[in-house]
Structure formats: C-alpha cells, structure tokens
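Paired with chain B in one complex and with chain C in the other, chain A is shared by the two complexes that follow.
This part shows the complex of A and B:
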C-alpha cells in the first residue's frame, strides 16, 4: 500500500481527495495546508505519492516540489491545481512532478490520474 | 549459435567467406605448383650439367691416356677427373634419392628425389652404366701416374660411358621438361578454375543483391505511395516534430491551409507560430514540447496543459478586414523502442466548433439562470455550503481590507495575498460544483494574473479588481439568500414529525366543505375513493392573507394526495387498508398569529426511486447525480417545478406544476414546510406560516 500526502490550502479539496484516494488503496499519511507544512510532513512521513496544489500560502507548490524532489527523487507527484496559468503548471512539471490534474475534478478523474501516475512505478 | 544473428546479411557473409576460401585455395595451389616448377627448372639445369661433366670426364680420360703413354705425370688431369666424377656422382645420387650436391656457383644445394617413375627408370639405367666407370675412376685416384694399359682401359671405358650417359641425361632433361610443362598446365587449369568460380560467386552475390534491392525498393515505393495518399487526403494537419522543434520533411497537404503558410517542411515550428500567438504562449509551447520529450512525464497527465489546444488567430485580408480563426494542435509521442524520437502533431481548424460552442454556451447561460443556481446549491452538502459561504465572505472582506489599506506595504505582496485567497475560493467553489461562484472568482483571478509580475502597478490598475469584487459580493449574497430559502423548504426533512395535538373541532368551517367536494371530484376522475377529515380552528380566525394561503396550500396538497398518494380501491384492499383513502387536515393558530397546518394522507407515501427518475426525466439531474444524491434531497425535489412522477399529463397531474407553487407560497410568506413519509403507509406535510406584516399593521 503506497503512502500518500495531500497538500492543498483548501480543507474541502483535501477531504475530497482523501475520500477518493482512501478508497483507491492509498494510505494517507499526511494532509498539509501549505508548502511549509507539506515539506515538514514529507520529511517525517516519507510518502511515495504526493498530490500538490500550486497556489498555497507560506511556500508555494513549485518550491515545495523542488525541495521534496531534492529529498527523494523517486517520489511521484501529481499537481492538482486550477488551470489558470499553464506556464506555472508546466514549471511544476519541469521541477519534477509527473502529471497534472485540473481543478475542479471528479473522483473518477482523480482516480484515473493516480492510476496513470503509478502505472509503471511498480516495475520501474 | 554464432553468438550473433547475421539476419538478412547471412547470404552475403557466406558468399564472401566462400570467395575468400576459394581465393586462398587458388593461391596455395599456385604457390605449391610454382615451387614445383622451380625445382623442375633446377633439375633440367643439373641434367644439362651432368652431360657437360660426362663429356669432360671422357676428354680428361683421353688426356690421361696420352700422358701415360709418354710417361709424363698427369696430376692436374687426375685432379680434374676426380672433381668432375664427384660432382656427377652426388648429383646422380640426389636425383635418385634426394640429397646435397654443388650448384653451378660451387655452393651446396639440396634437391629432392625426382618423383616420377619414368625419370627414375632413366636414372636407374644411368647408374648401371656409371657405377663400373666410377669404380675405375676412384681406382685411378689423384696420384698422377698410371700404366699406359690402365690409362687406355679407362679412356676406352670413358668413351663408351660418355655416349650412354649423354643420351640418358638428355632423356632426363626431356622428361623433366615434360613434367614441368604438365605442372604449368595444371597451374593454368587451377587459375582458370579459380577465376571462374570467383566470377560465378560474384554473379550470385550480385544477383542476390539486386533482387533484394529491387524488393526493398518496391516496399519503400509502396509505403511512400500509401503515406503520400494519406498525407494528401487527410483533412487534418499532420506532421512530425523533432526535439529541436523542426517540422519533418513531410506533412499533410491540409496543414498549409490550416496554418495559412506553405513551405513548412523542415521549418522551425516555433518560428511559424511566432506571428500567430503571444510571446507567453510561445514560451509555454516551447516548454510544453520539451516536457513531452522527457520520458518520466506522463503523457496522458499533461494533455490539459497543451497551450495550443485552443489558439485564436487574427488574419488581415487587405482593406482593413480581419477574420478570426481558432486552431487546435495536438501532440502525441512517437517512440522507437523506448526512446521518444518525435512528436506527431495534429493541427485542426476548429473555428466552426468554437463558434457553435460559444453560441451554445450563451444559450445555456440564458437558460440556466435561477434554476441552475438552485440545482447547484441543492447538490451541495448543507454543512459544506455553510462553511464555504462563511469562508467566502471572510475572504472577500479580507480582500476588501487589503484594497482599502492605504498604509503602504508592498503592492506585490498585496496582489499575491489577494490572488491566493481568490484562487483558493475559486477552487473550493469548483470542488463544490458551484460554477455560479467559481466563474466570477475565476474572472477576478484572471484580472489578478494580469497584475502579478508587473513591476509598476498603480492604484488605477486595481479598479477592475474592485469592480469584480463588488460583483462577487453581490453574487455571494444572491447565493446566500437562495440557500436560506432552500434551507427553509428543505428545512429538516425528517422522519415522521410528532402528531399534532388533536383539538376538538369546532363546527367545521365552510371551506372544509369546499375541500371535500374538490377532493371528491378529483377522486372521481382518478377512480379513487377518499374521505377528508378536518380538525382544528375555523380558518376565519386567521388573518385573511393566511386564510387564502392555507386554502391554496391545502387544495394543492389535496390534488397531490389523490393523484399520487391514494391508491386505487383494489390496491388498498390488497394492502389491508379501507377502500377510501383517508386525508386528515389540521390547522391551528400560532401564538404569534401565524398558522400551523398539518396535512396527512394514508396513501402509498413518497417513492424515492420514482422521484429520482422524474428528476432525470425532467433534466434537473443527470442519472449519475440522481444516483448519488441523498434521500432527503431527493424528497426535496418534489418542490421543484417540472418534476412529476406521472409519465403522462392530464388535467390533474403530470406537468409538474403543483407543489412548486406550494413552495413559492410558503417561502413568500417566510414559512417552512416539513415532509414525513413512510412508503406504503403515509405522507405528511407540516407547514408553518409566520404572522404577516399586514396582519401586524392591522393589529
């Protein structure tokens, strides 16, 4: 069972992701409301999968992705953010996230995206 | 087996190996035969020398005889005779059995036995002739003296032997020449054979190659023809893009028309885009394409980031006229083994589609209006909704505070703070499915995006932010009041409410008679039997506005009950109920002058499944939404306009106008309604209406 951390500054989005992915067989090890929290939680819980919002207080998602990747280059990161600025999202992918999911999303979309994200991590 | 697979080169490798073996064989044979011929030449020479030596020995023997007769010593001649004898003897022996002898230059050489029966026969004869003479010569020695008789005998013998040996050595020469000539013939045969085989081998290789070349040419030709046909016919713009952004050498014919430029092959794709898109889009496109070439990025999870999924381009057509077109570019990875070599790019002109979508959206937006908002609100969990509205309200006030704040502080920080709040609220609204709020938040976010990263932002630049903020406050208020109204209706749609206290009825009010006859009429049309029992106050004790309302509400409830609630007499019998449906109405006056109404029938109750179907049929909900909506909210749907569980419409029901009117009446009066129902048993409405302002004024 893979360990999951959810980083999003919205409580509603956090619970939505948690509800959907808890059923998806992921073990939720951290819920972070900003980049700084996410980094702290990452260091202690060492999740293998992270969903990351980009616009967050304290430390934004891109900086957080950069720092997390520096700690563990094998972590799988799904950016879950509203598509107001494609360039920012692309920047996040350049920093080491592997996929992007546009907000708002349905549970099925989230589930598919996580499936795709984890697809070859089992044998890669 | 060889450790590697020769594959299609197998034939050529075998051919070349054969060629080398052949060549080597010819070379070796050539060398062997040539060296044999060389040896034969040496033999021929030596056989000639034997003739010469034989003659010299005969001549020297005659000289020895002459000296011996004159009694003169002949040491010099004897020595010469011995030397000639020795050379002849060793050469003859070498011819017969192989061995050493002296060369013409006086050095020692080794020669092989002459390996030929005829030559050996000649040599045998020569030895027979030579051996007695040789004995005589050896007997003479090199003293230089001999009796005249002995010398004469030697001389006669030498003359005889010389003639024999000359002939035999001549024969040997002829035989050796014959052998040598035979070998030369063999050598020629070997060479001709070798060259012939090599030529044949070469021709086979050539033939094989030409055949393969022709075959692969044919396949290439066919593939090219097919590709050309595809590229000529397809309506899409198609081309390959490499990691240096260069378009491939081929592209579909349609591409030129779509992009509006011919001469695209091998051009820089970004260069072609530059005049069509903004610098930002161009930069994003470059980065997006670079990402797609990175194997660790999930292709399927970045599709939504494609900056060229919707490109608006403006083209001038002289005379100041311009037209707008919309293009769509799609990117798919092309892999060779696991390496990403190219992107397959598809380009489409989606102008027609975009315009249609725009029209459709405008129509939808017009149609959606209030109803859309209500449906959206209905689908949100009330506690989520409450939390969100509170957060949104706080957020907007916070933004407002930031805008009013004149105390200085960095503008950039201010914009970022506002942006973050807006972004979060937009995300929340989206997550809750409230597009009515997500959209205005999105617009505010767009405005802020434009301000972010700008170095000089003046106060005037905040004007659009203020305008949008005001719009948001208004929208939030609209939603808030809708939520309140829905809340009143939805209230607590609960299990059975407590039964009202039964007060002894006063004389039944006049209006009750009307209700009874109204119920009978409907019952007759619907082939039902009903019985209406009233308990409670005389309605005339209520304020006139409430009297009218209660009357209106009860009639709608009656119609609803008889049509949807009360079963047919047969069905009721089966269920062990009396044939006539029983409807109990109770009205009481509240302490504040308002009224409470209880309306209960003992029919089949509300069917959640039927209501779901009805909502889907009316297009209020999608099948998915209907399936996930909770029971309480399904029940609340009976108050929505256009919802009816009846599939066909008649005078009394089926068009869905009925309970929505009741709800409007109640909400207009600021009242609430609760519903309780047990399927198969009963349905109970409890309405509470507060005292009305006119009433208060009148009082």
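This part shows the complex of A and C:
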C-alpha cells in the first residue's frame, strides 16, 4: 500500500481528496494546510505519492515541489490547482510534478488522474 | 476589463457550480456596481489580484447556499469553519481559473474570508467593480470583479 500526503489550504478539498483516494489503496500519512507544513510532513512520513495545491500560504506549491523532489526524486506528485493556464502546468511539470489536475474537479477526474500517476509509477 | 473578460468570469462560475454540485448556476446580466453598495452576503471570500492586472475578485454567498454546496460535495461537517473554507475555495478557484483568460502573470493571493452581511469590502478606488449576480437552487449569491490593467 503506497503512502499518500495531501497538501491543500482548504480543509474541504483535503477531505474530498482523502475520501476519493481511499478507494485506490492509498494510505494517507499526512494532511498539510500549507507548503511549509507539507515539507515537514514529507520529511517525517516519507510518502510515495503527494497531491499538491499551488496557491498556499507560508510556502507555495511550486517551491514545495522543488524541495520535496530534492529530498526524494522518486516521489510521484499530482498538482491539484485552480491555476489552470498552460504556463503554470508546464512550470509545475518542470519542477518535478508528474500530473496536473485543474480545480474544480470531480471525484472521477481525480481518480483517473491518480490512476494514471500510479500506473506510470508501476511501469517506471 | 472588456466584455470578453467579463464573459470569461461568467463561464467560470457556471462551470464551477456544474462540476461541484451537478447543477449549473443561473447567471444574471453583469452590471456596474456602486462602490458603496456592493452585495455582501453571510460569507465573502476575497482574492487580491496583482501582476499584469490589479484589483480584487470576491465571491459572496449566504450560509444556506454554502451548506447546500457542502452537502452536494459529500461533506458532512457544516460548521461555520467549513462554510468559510468553501467560500475561500470558491473565490480561489474562480480567480485561479481566470488565468486562462488573463495569462500566468495574473497573480492571485490566498483567500481572505470575511464573515457577516454587514461587512464592507475595501475595493480599489480607481477600478470599476462589476457585479455578476447568480442563483443556484433559487438562492442568490454574487461574484464581484474589480480588475484593471496594472
């Protein structure tokens, strides 16, 4: 069972992601409300899969992705963000995310996105 | 802000409600708001805009609508904390989605949520504020967009 961390400044979004991804056999090891908290949780819990919001207080998602990737290049990161322009998605992928899901999203869309992320990880 | 940009916000609001609740919102005709008389409901999520534009975008809704949205989204905790949370998240999502229209230099702040319909939101003085009225399940709410070139 892969370990999952969810980083989003909205409690509602964290809950929604946790509910939806429980069905994917992921074990939730941390819920973070900002980038700094996500980085600390990552260091202690060492999740293999992360969902990451971009607009967060304290430390934004892009900086957090960069720092997490420096700690563990194998981690799989799905960005879940309202910043839905192409330039932002490309920047997130360049920094080390493997997937990008626009907000607002349905649970089915999230399931598909995380399924693709895990499939790539199994094949990679 | 031109008509195309205003229409972009209308489309974003319709998409949000459709996707999150399964029921699209009815969006009324946008109008120019009076600075001292902008609509404020029980919860208001305010996003500051900087970069290639400046100003703010806010979403304001009554608690009744927010509770219904939470229930539709599968949430059972209907506390005021979660009503404030969903208000900020809606404002953040609408403003963030507007980058498709305004580009990646359209920078958005984290949301600030104001509680109480008697509150006043400080708007930029020299930027017009457009009110986009909406109804969802017969409940009225408002999106206010006050954005101009930096």
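The criterion applied here is as follows: the second predicted complex is superposed on the first by the 120 of 124 C-alpha atoms of A that agree within 3 Å, B and C clash if a C-alpha of one lies under 4 Å from a C-alpha of the other, contacts with A are read in each partner's own complex, and residues count from 1 in each chain.
FYI, a contact is a pair of C-beta atoms (placed from the backbone, for glycine too) under 8 Å apart; a residue touches a chain by one contact, two chains touch by 3 or more.
Everything quoted here is computed from the prediction, not taken from an experiment.
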Contacts of A:68 with chain B and chain C, given as first, second, both or neither: neither
More chain A residues in contact [chain B versus chain C]: B
Touched partner set for A:78, first chain B, second chain C, both or neither: first
Touched partner set for A:26, first chain B, second chain C, both or neither: neither
Touching partner for A:10 - first (chain B), second (chain C), both, neither: both
Which of chain B and chain C A:57 touches, first, second, both or neither: both
Contacts of A:41 with chain B and chain C, given as first, second, both or neither: neither
Which of chain B and chain C A:100 touches, first, second, both or neither: first
Partner chain(s) touched by A:87 [first = chain B, second = chain C, both, neither]: both
Chain B/chain C common contact set on chain A: 9-13, 16, 55-57, 81-85, 87, 102-104
Contact set on chain B toward chain A in their complex: 280, 283-284, 287-288, 290-291, 296-298, 300-302, 304-305, 307, 384, 387-388, 419-420, 423-424, 426-428, 430-433, 438, 442, 445-446, 449
Chain A contact footprint on chain C (complex, rising order): 15-16, 19-20, 70, 73-75, 77, 81-82, 85-86, 88-89, 92-97, 99-100, 103-104, 108, 110
Interfacial residue positions of chain A with respect to chain C in the complex: 9-13, 15-16, 19, 55-57, 81-85, 87-88, 102-107
Contacting residues of chain A [partner chain B, same complex]: 8-13, 16, 53, 55-57, 78, 81-87, 89-91, 93-94, 98-104, 113, 116-117, 119
